[in-house]
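Below is one structure, written out as structure tokens, with a few remarks after it.
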Amino acid sequence: MSGNSFGTIFRITTFGESHGVGLGVVIDGCPAGIKIDEAFIQSELDRRRVGQSKVTSRRDEPDKVEILSGVFEGVATGAPICLIIRNKDADSSKYNNLKEVFRPGHADMTYQKKYGIRDHRGGGRSSGRETAARVAAGAIAKMVLGNEISIHAWTDSIKDIHCSTIDLEEVEKNIVRAADPIAAKKMEECILAARKNNNSVGGVVKIRVKNAPIGLGEPVFDKLDADLAKALMSIGSVKGVEIGGGFALTKMFGSESNDAVSKETGEFASNNSGGILGGISSGEMIEISIAVKPTPSIIQEQTTKNIHGKIVPITIEGRHDPCICPRIVPVAEAMVAITLADHLLRNRASKI
Amino acid sequence: MSGNSFGTIFRITTFGESHGVGLGVVIDGCPAGIKIDEAFIQSELDRRRVGQSKVTSRRDEPDKVEILSGVFEGVATGAPICLIIRNKDADSSKYNNLKEVFRPGHADMTYQKKYGIRDHRGGGRSSGRETAARVAAGAIAKMVLGNEISIHAWTDSIKDIHCSTIDLEEVEKNIVRAADPIAAKKMEECILAARKNNNSVGGVVKIRVKNAPIGLGEPVFDKLDADLAKALMSIGSVKGVEIGGGFALTKMFGSESNDAVSKETGEFASNNSGGILGGISSGEMIEISIAVKPTPSIIQEQTTKNIHGKIVPITIEGRHDPCICPRIVPVAEAMVAITLADHLLRNRASKI
Amino acid sequence: MSGNSFGTIFRITTFGESHGVGLGVVIDGCPAGIKIDEAFIQSELDRRRVGQSKVTSRRDEPDKVEILSGVFEGVATGAPICLIIRNKDADSSKYNNLKEVFRPGHADMTYQKKYGIRDHRGGGRSSGRETAARVAAGAIAKMVLGNEISIHAWTDSIKDIHCSTIDLEEVEKNIVRAADPIAAKKMEECILAARKNNNSVGGVVKIRVKNAPIGLGEPVFDKLDADLAKALMSIGSVKGVEIGGGFALTKMFGSESNDAVSKETGEFASNNSGGILGGISSGEMIEISIAVKPTPSIIQEQTTKNIHGKIVPITIEGRHDPCICPRIVPVAEAMVAITLADHLLRNRASKI
Amino acid sequence: MSGNSFGTIFRITTFGESHGVGLGVVIDGCPAGIKIDEAFIQSELDRRRVGQSKVTSRRDEPDKVEILSGVFEGVATGAPICLIIRNKDADSSKYNNLKEVFRPGHADMTYQKKYGIRDHRGGGRSSGRETAARVAAGAIAKMVLGNEISIHAWTDSIKDIHCSTIDLEEVEKNIVRAADPIAAKKMEECILAARKNNNSVGGVVKIRVKNAPIGLGEPVFDKLDADLAKALMSIGSVKGVEIGGGFALTKMFGSESNDAVSKETGEFASNNSGGILGGISSGEMIEISIAVKPTPSIIQEQTTKNIHGKIVPITIEGRHDPCICPRIVPVAEAMVAITLADHLLRNRASKI
């Protein structure tokens, strides 16, 4: 009800603030018997954490996970799994001047108006740091899905630079997490140039799911694509979601957008549906694109309002990502994994 | 859990099939004291129903609503409101040959695999006819929101034809529901040409909400934009959702995508945020775009599979919309209204 | 959220009022493939309906069920099943004088204060008539549970008259639904004497479930006994619930209340646990008792308040049950069936 | 869905095991602006914790609470509040011999069958130690309810010893938490005698709520009494719940059980309704009784089965309460507070 939970059977609840004690998540509904690989949770967190490279924020957080409950001798017991990550490098001093000022493009104003109170330090609850908890939960979700089902995200474009080839093996080899090593180099330059100019850039992140079983998703409101759209749109900075052909389908005829079955092989010649028909996975590859806006925190003077309604200049300090796409990649994977794990379990009750 | 409900406090549950007894919806959580205007519910249904014009399906359904409960002397009592709409012109004979064949681009195959059984007549539960129940519920939601908050959708593009001007007064005056009368004429021609060629087209529908109060939306997962994305992506044929600037923001610098406050007026010069910051309404106009794919039912031979896995030709009969955008307009408004009404009530519990 | 739904995966939502158009229920989450026996739904409704005998109300309602959705060729499709029952013998004239007066022991005052508006005719939404919808849903739940699991309720006591023997075959053979034919006769006399004196009586209804599988119920808050307690306490007039030994256990030593395993047979010598250990079904018989208060509607002058806060005399007319226990029997069975069906489906997600 | 959450708007999720890292709770939906008094949370935990007196377990746990999130400068921000309590005196060695044996009256067997795996140490998740998390959450709920609404529980009987007088001031002055100092002395002797005989005893705990506002509770399924029954029955060892007159009402005539209004004062002469009419609080005192069974852990040889289905003798070691009533008192208060806080917030959406 208060928006901190996601999922129904496989249900996660995150908590924590950017500059408080730490972040955490309770994962309720992980089936008993799943092996819980703590090292894998940590490795997923390591992919998301700050300070990885020259295109990310310089805040230095080890993001070390602690398992508080729900695991006995390395196996999920069916009890809720609580994972916590303590903040180590929170430097609130940079935010003292922001106590009464609303940062442009951030949640500062809306939180203040909604709640009448706000933890202004680093965005508090609205900080991107909250996604660490999602990534930890996503690691558990991936264990529920098993090795057969694979989820891969990558940076597909930064500004006008697009991947020309999609080689998923390349993604973790470059710091922007692009699927094309040549485009990756140009993207890196683009991001560093933006940082140098005290500016930021955005891009498109794509996600592919292979081997999702047929039948995931519930009709009508909890369609798989509807739940994926919500899952991904709930990530800060995401302003658009496309399934399969997305907006490009609006330019086609029905005879083009319907995925044709080859008379010879019975295979589909295209995947405009993005692996989802009528809200239910079809067995084809699930394909999703998300629009990631440029980081709103930029180190140049802007105009804004303060809590008294006065128009004031603002210059943001602190340590920010000049482009959030590389770090959105593991978060997007996590949200997709959580959504699929939930629907996998929900699907168990569909039939007699 | 089975996907037929939407919302939390203002919660709707729809039921019914395209060629069964009828459609219906239970609206639970409508606050007591709201005046229920039955004529308005009917007028909203009339906007969505088939047979309105030469660009929609020729099935003739009066879509007459019956109020079964929850209203006493014209006022909501706080008890659940059940609305039903009986099917009158269901002609299942056109679907006899589809009993064992999966229509391309439809939910036939996925329902069959998920449930092991399928009401094949007109798509059964997966039919667009289900949206009549949503529109009826949306009418109640609009009564909850009151006259101050206005929600308007329109067809913004069909294939490559875009509205050049946005005049909301024009929308109900043309049969494609475009906001630009000149573009409307071209869109109409485009749709009729597609129908003549036994084909179909898609387009983009846009939605604007004026005067939504600040503070709607919950942080983290139930962000207003996340819930709107789910609400709209849950409409059949919708394959993409953008909030505010959407995918266009991925081409901008942060200094461009942040909505700048005028030093003089304190007004925002742009609305890239689409009226939502950190998942919470900011008081600016809420702006959303959705991608509507071409109707998958086209009256030309296609190749598909049947329930035995055999590759077979298929020619779909029946009465279909050559373009679904004009009828998506009231459905999209309904889903936005339901989402906002829910968050309006949820917001009552935010503060002491 | 507004209290008209029960269950999670197998989830029912009831609607309707005593003197409105009718009653109904949406059952969402019935697994596809379940055979839906309409005659059985009707026979369950017939057990609950008024006018069955001289110990029930004289209102004459056929309670004929109509299936609106979710069933195709006699089988559940996985889509929501909507059942409606239209009111036929609603006589609101008897309630005209109650428009501004609160009946003692009824929900009149609390509804008025909570909602600021009230359908006063026959209690409106708070009427026992709402349980018709529960019984219809319970019939579906019994189909989900299958023939193996049996649920039987009976009137175990009326005032000080208790069943001395428990013969479930006897229950439907006498009009008080007692499990002991000799006690049944005395109970009938007791009820008729109360009616003659314009009074009413209460009693204890017991429920037994045989062959419930081990493992139903979730730990901590959604314990099977907790959900059963809620399910049964949600029936109007029920003021107490006991599982197994109930309050009698408070007089025992632990060495007595622990159900001892026979060293020879391995069978339990007692069933103080009522078939539930740690909130989870143990495979033993589930045993529950509920306290049913005397019908609050009595045809003798009482003192009450009206909506203006004035103390006024009240004499209730209308057609009421002098004892509600016989008609609570099928309602209690329905609520237990719904609770078990839900937990049966929930349990599918417990393990890897 | 997995039973570790309770409430809807004010929603708690507990986690943790008896002999794991610790216990905790996430409280989601605490309205922003509530002052969070950490010392009060601790004092409530101190009332529940072990080692308080000679009638409780000798395990020594400080039960020190840590606030991880949701509180900024002593005030709730609207973000989820996570509280954790680390285990300090977990001695699992006493449970080594129970790894394959099911303790009578405990959840050992049912957990093993349900999940196929079990943390056997001290009952793991099924331990009464989980209630520490509830008490911490209950302290927050009490802050939401404010000082006006008071909730008091006490031990009303142990075996056949009943309180003759109800003096709430006495409750915290005696180690059994009875409301009658003379009965308290006898109860203490009764419990100590049971312990001396390696046995245990049970009793009845009563709860009173003063000044609950009119209108709490939702009609039909989420009646206030139904939710209270669930809340209290979800506490391990509770086997019965009565609202107001409870089972005693089954012996009365309607003319007796209806609470009569005095013609002179307009006051009710009795409170058989227990302050709840039609599932909604009436403004009268809320009165509830719960049946607490004797502690199932007794230090005398019993017969049971092991995980291989073999009949075996069992002698339980470990540190157990000879009577759990004194420690149920704060837990019952917590569950009532949580239920009321939730309904208080839910009620905000009832009316226009």
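Letters are used for the chains, namely A, B, C and D, taken in the order the chains are written, and counting of residues starts over at 1 for each.
Note that in this section a contact is a pair of C-beta atoms (placed from the backbone, for glycine too) under 8 Å apart; a residue touches a chain by one contact, two chains touch by 3 or more.
Remember, it's a predicted structure, so these values are computed and weren't measured experimentally.
Hopping across touching chains, the smallest step count from subunit A to subunit D is 1. The chain pair with the larger count of C-beta pairs in contact, out of A-B and B-C, is A-B. Distance between Cα centroids is largest for the pairing of subunit D with B. Taking each chain's centre as the mean of its C-alpha atoms, subunit A lies 46 Å from subunit C.
The distance from the centre of subunit A to the centre of subunit B, each centre being the mean of the chain's C-alpha atoms, comes to 26 Å.
Per-chain CA centroids place subunit B at a distance of 39 Å from subunit C.
In subunit D, the residues that touch at least two other chains are 1-2, 4-5, 8-9, 14, 29, 32-33, 78-79, 114-116, 125, 219, 346, 349-352. Taken together, the subunit B residues at the contact with subunit C in this complex read 1-2, 4-5, 8-9, 11, 13-17, 20-24, 26, 28-29, 32-33, 66-70, 72, 75, 77-82, 84, 111, 114-119, 124-125.
Listing the residues of subunit A that touch subunit B in their complex gives 1-6, 8-9, 14, 104-111, 113-116, 125-126, 130, 157-160, 194, 199-204, 214-215, 217-223, 225-227, 229-231, 233-234, 236, 239-247, 249-263, 266, 272-274, 277-282, 291-298, 300, 302-305, 309, 311, 346-347, 349-352.
Of all the residues in subunit A, the ones that touch subunit C in their complex are 1, 9, 29, 31-34, 78-79, 219, 345-346, 348-352.
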